[in-house]
Amino acid sequence: MTTLAKPDMTVNLAGIPLRNPVMTASGTFGYGEEFAEYVDLESIGAFVTKGLSLKARAGNPTPRIVETPGGMLNAIGLQNVGIDAFISKKVPFLRSVNTPAIANFFGNTIDEYAEMASRLDEIPEVAALEINISCPNVKHGGIVFGTDPDSAASVVTACRAATKKPLIVKLSPNVTDVVVMAKACETAGADALSLINTLTGMAIDLNRRKPVLANVTGGFSGPAIKPIALRMVWQVAKAVKLPIIGIGGIMNATDALEFMLAGATAIQVGTASFINPGAAQKIAEDMEAWLAANGVADVKSLIGALET
Amino acid sequence: MTTLAKPDMTVNLAGIPLRNPVMTASGTFGYGEEFAEYVDLESIGAFVTKGLSLKARAGNPTPRIVETPGGMLNAIGLQNVGIDAFISKKVPFLRSVNTPAIANFFGNTIDEYAEMASRLDEIPEVAALEINISCPNVKHGGIVFGTDPDSAASVVTACRAATKKPLIVKLSPNVTDVVVMAKACETAGADALSLINTLTGMAIDLNRRKPVLANVTGGFSGPAIKPIALRMVWQVAKAVKLPIIGIGGIMNATDALEFMLAGATAIQVGTASFINPGAAQKIAEDMEAWLAANGVADVKSLIGALET
Amino acid sequence: MQFTSLILSNVEVSPGYWRMRMTAPPECASAHPGQFIMVRVNGAIDPLLRRPFGIFDLGTYTPAQSGGVSQPYLEMLYRVVGKGTAMLSTLHENDLLDLLAPLGKGFELRTADEEKLIVGGGVGLAPLYLLAKELVKNSKVRLFAGGRTRDDILCITEFERLGVECYTATEDGSLGECGLVTEALLRRLDQLQGKAAIYACGPHGMLNAVANIAATRNIPCQVSLEGYMACGVGACLGCVAPGHSHSSETPDFRCVCTEGPVFESGELKWRD
Amino acid sequence: MQFTSLILSNVEVSPGYWRMRMTAPPECASAHPGQFIMVRVNGAIDPLLRRPFGIFDLGTYTPAQSGGVSQPYLEMLYRVVGKGTAMLSTLHENDLLDLLAPLGKGFELRTADEEKLIVGGGVGLAPLYLLAKELVKNSKVRLFAGGRTRDDILCITEFERLGVECYTATEDGSLGECGLVTEALLRRLDQLQGKAAIYACGPHGMLNAVANIAATRNIPCQVSLEGYMACGVGACLGCVAPGHSHSSETPDFRCVCTEGPVFESGELKWRD
């Protein structure tokens, strides 16, 4: 047997060099600090903050969480500390960690998105911006930005003008054709796409005859959604030139590598961090071990390498 | 303790009286016969045939099936015996069973849909028609009828003109707004809506670097999809006047009753019949037992009774 | 911290209530009463999420093999209510469990000069035993244990062995007084001369009643909350509870898994 | 039929290969060699689908309790390859399993005047033992067993005990001949004087080679196929295999679970 050479795990995500393709997903890894006890933050490629908004948001009433077969629903309601408290309370920690931090953010109007982008642009500790477009447009009857290509493009155009940092657009899976959305964001100036955000789902408590979540519906995540996420990543990767971050039900290194074969340059670990707070690090380590064991010298050689 | 009165389990589905709300889902119960050993066909409300087309279809190459976390993907490719063999070989069996048989069908063009509807209209043993609109329109670049409200409405209008039997339209979940689709079908003359059909998903075999399914993508079903199905049934039930048949990941009586609370008049058992061929009968029995134990005299009182 | 624990025993102590003892690393031996653990029921995806449980007891045992060096263990007392707890109840000695522990903020033990009144409803007693064990070192401790039936009154003997004076009440009168445990608490408070402090864990309605009693009489009161949890480490924000000044206009949510599960009752929002 | 079966034993017979004996209702006692069962690994949703396995053996045992009345059992021989089989291997005596059995169409036993040549690759031997048990009643039977290493050659002693003459071949030469089992089969066919019939089960490549040999020499041949199955009862159409005249223009699919799993090799499509 030949000795196993250490594989090259680095990838380049829209200009940001990552030590490996494993990122953590927004809303599932706090602001990084929360996991410092369980994950060596310098063992993963990058981490993404909880979604930020201009003002602090308190979020929805409880229950906010419910388990479903192979997955979970959440209706946190985008609770976050707001951009000011983020800068004063969370950024100092980011400075102490030698791993790119990506700020996920949202707004209720296009102007709010643009303002958030320009505020985040000023923070040196923020390596890139991830736009969550799965939010209702309060000015247009609450239609979700991320389900309409024109709205999505307007958000991206406005943010593009407001920042020079790499701009990742996070796509919603609750659409008829995710490729249309992806292309609209590419044309509007996105540097990368991440997908998928949560699907919309619902759970009912039969005995109480009520929805389980106080918000009635919630975002569906976890292993159950993986087949949908994998399909969408594959569709989008074939259709756009941008690097893609695969997200959705990734629980282990096999899942992560499957997303790379489908066309992802990097992946994000979401719900898995709730079940195993050390998941992201473990996935990065196991990916490397798989590459070594299978004689794959460079993880980049797997990107889009699916044979169809 | 009072003695448990036998609850009224009957429902009326667009003019068809059902002994109980439990139906079997198309493609998961063969043509009825296959399950005669495991299910007393007269213990359930109705059963739905495998999707039928004008000509016999051989379906896709294999593998056609793969298990995913909490669900499965199938890419059968609508294999079926065709309308002529259905009439000669399958209908005689339907005649022997005192339970409404519903014919699920599809076409590649609007004309084919209409022709199927008129052929099925002539078969006395067919109690109602269920249109599967999750098929690509070969005349229009393969856009799936069920993802475009105008195409869907055209199909329904054409079928409506071709049959006097109750017309159920089976909605695809792979859309941005299922309510738009539901309303389009209602306006075009549907008598009932069934939802959801399968979501589109994909699975990858890491070691072979290939999709697991020969067809690359497949239809995603099973318990994993229940939160999405429940949400869509609830959304549609609020928006239309038509009776609704809830489908998606129903494994037991609790699931079935949850769909009724969300607004379904009846439900269909799909993937569950693969795991437990007696599932449909068991669900009907357990629903009745639940009603009796909870002092609910009439199952109809649960339809849409969710308190939000 | 995250660790793999070996089950030492798992026994049904009352119909539907189980007590499980499992090995713990030395870092857990100093867990505070009121802290909790998150249990991964099994390695598969069903159930997917960890389940939170209080720490019922801590101690050490001497394994047969390891040459007589004593090892820490922790215990939980749990009620079978759904899928996860049903699966837990099927586990045996020598099975392994993946745990996060100790998590959250426990009870404040306070000063010795107060009478400590512990109020537990059903399985809410679980985290109160370890608390009582600490409190009896310095203070007079009384337990008010309530439940629906006698089967829901747990481990009273254990509390008595600590020297805790126990009052029990059941809704059906099958054990102790018939009625709510808060009535016994109120009677005791009426008699009380010196200072007192309340510690409570149980159904939300009971905690609400206790919090109102404490507020009216101006007695310090800590409550341990439950909340649907995904992560247990402050990341998902699923477990929050409305804080004292919460309203839909000026929301004020507290994170149960990191700021709690134990709160001063005055910090939280209650119904009158 | 669907029934709940009690596991009587579950033992590892070779590294990674297990043999499980379980109770069966009287209706199963008459299952045909080559028929199969669908096993629900557990009642949860992971794994969701049943797993198909051949019937390795049938018999009766006398339970200690039931007053000496003998009861039927069935056995399966399985290889641990993934999640479901890994879970099966952790089950114990007295655990319960939900089964559908017997399913599908088994082997045709044919007439006595032929020499029966059984070809099995790895765990493909599983359904061939019960077949051999029937065939030895009337015919001369030879077994050609192939595998990657000696660990993949299973239960040869059992076949020998039936009076079957056994030839083995392994790819690494660790047992029997070094090479493919089809070579031994070919040699036997060259020597053969009278009539013969082939029965085969194993990896698809091996079946293909055997089918081609049988076609060239015009020897009747039955093969038992595997196919990804959801239902096992002909409803999902997931398990199909291309029939003899299959092409993408004139498709001809056979349902493995109801028309098979055993087919005349001439009914199916093979690569030359």
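The chains carry the letters A, B, C and D, assigned in the order they are written, with residues numbered from 1 in each.
To be clear about the criterion, a contact is a pair of C-beta atoms (placed from the backbone, for glycine too) under 8 Å apart; a residue touches a chain by one contact, two chains touch by 3 or more.
Bear in mind the structure is a predicted one, so any value in this text is a computation, not a measurement.
Any chain bridging subunit B and subunit D, meaning touching each of them, is among A, C; the list is complete.
Number of steps on the shortest path from subunit C to subunit D, with steps defined by chain touch: 1. In terms of the distance between Cα centroids, subunit B is separated most widely from C. Subunit A and subunit C have CA centres that are 36 Å apart. Per-chain Cα centroids separate subunit A from subunit D by 47 Å.
Multi-chain contact residues of subunit B (touching two or more other chains) are listed as 69-71, 223-224.
Multi-chain contact residues of subunit D, defined as those touching 2 or more other chains: 45-46. Contact topology of the protein chains: fully connected, every pair of chains touching. On subunit A, the positions that touch subunit C within their shared complex are 27-30, 34-35, 37-38, 50, 58-59, 61-67, 69-72, 74, 76, 79, 222-223, 251, 271, 273-278. Against subunit C, the residues of subunit B that register as touching in their complex are 69-70. Residues of subunit B that touch subunit A in their complex: 68-71, 73, 147, 174-177, 199-204, 206, 208-211, 216-217, 220, 223-228, 230-231, 234, 249, 254, 257-258, 261-262, 305-308.
Subunit C meets subunit A in the complex at residues 1-2, 40, 45-50, 98, 100, 227-231, 233-242, 251-253. Contacts from subunit D toward subunit C in the complex involve residues 44-46.
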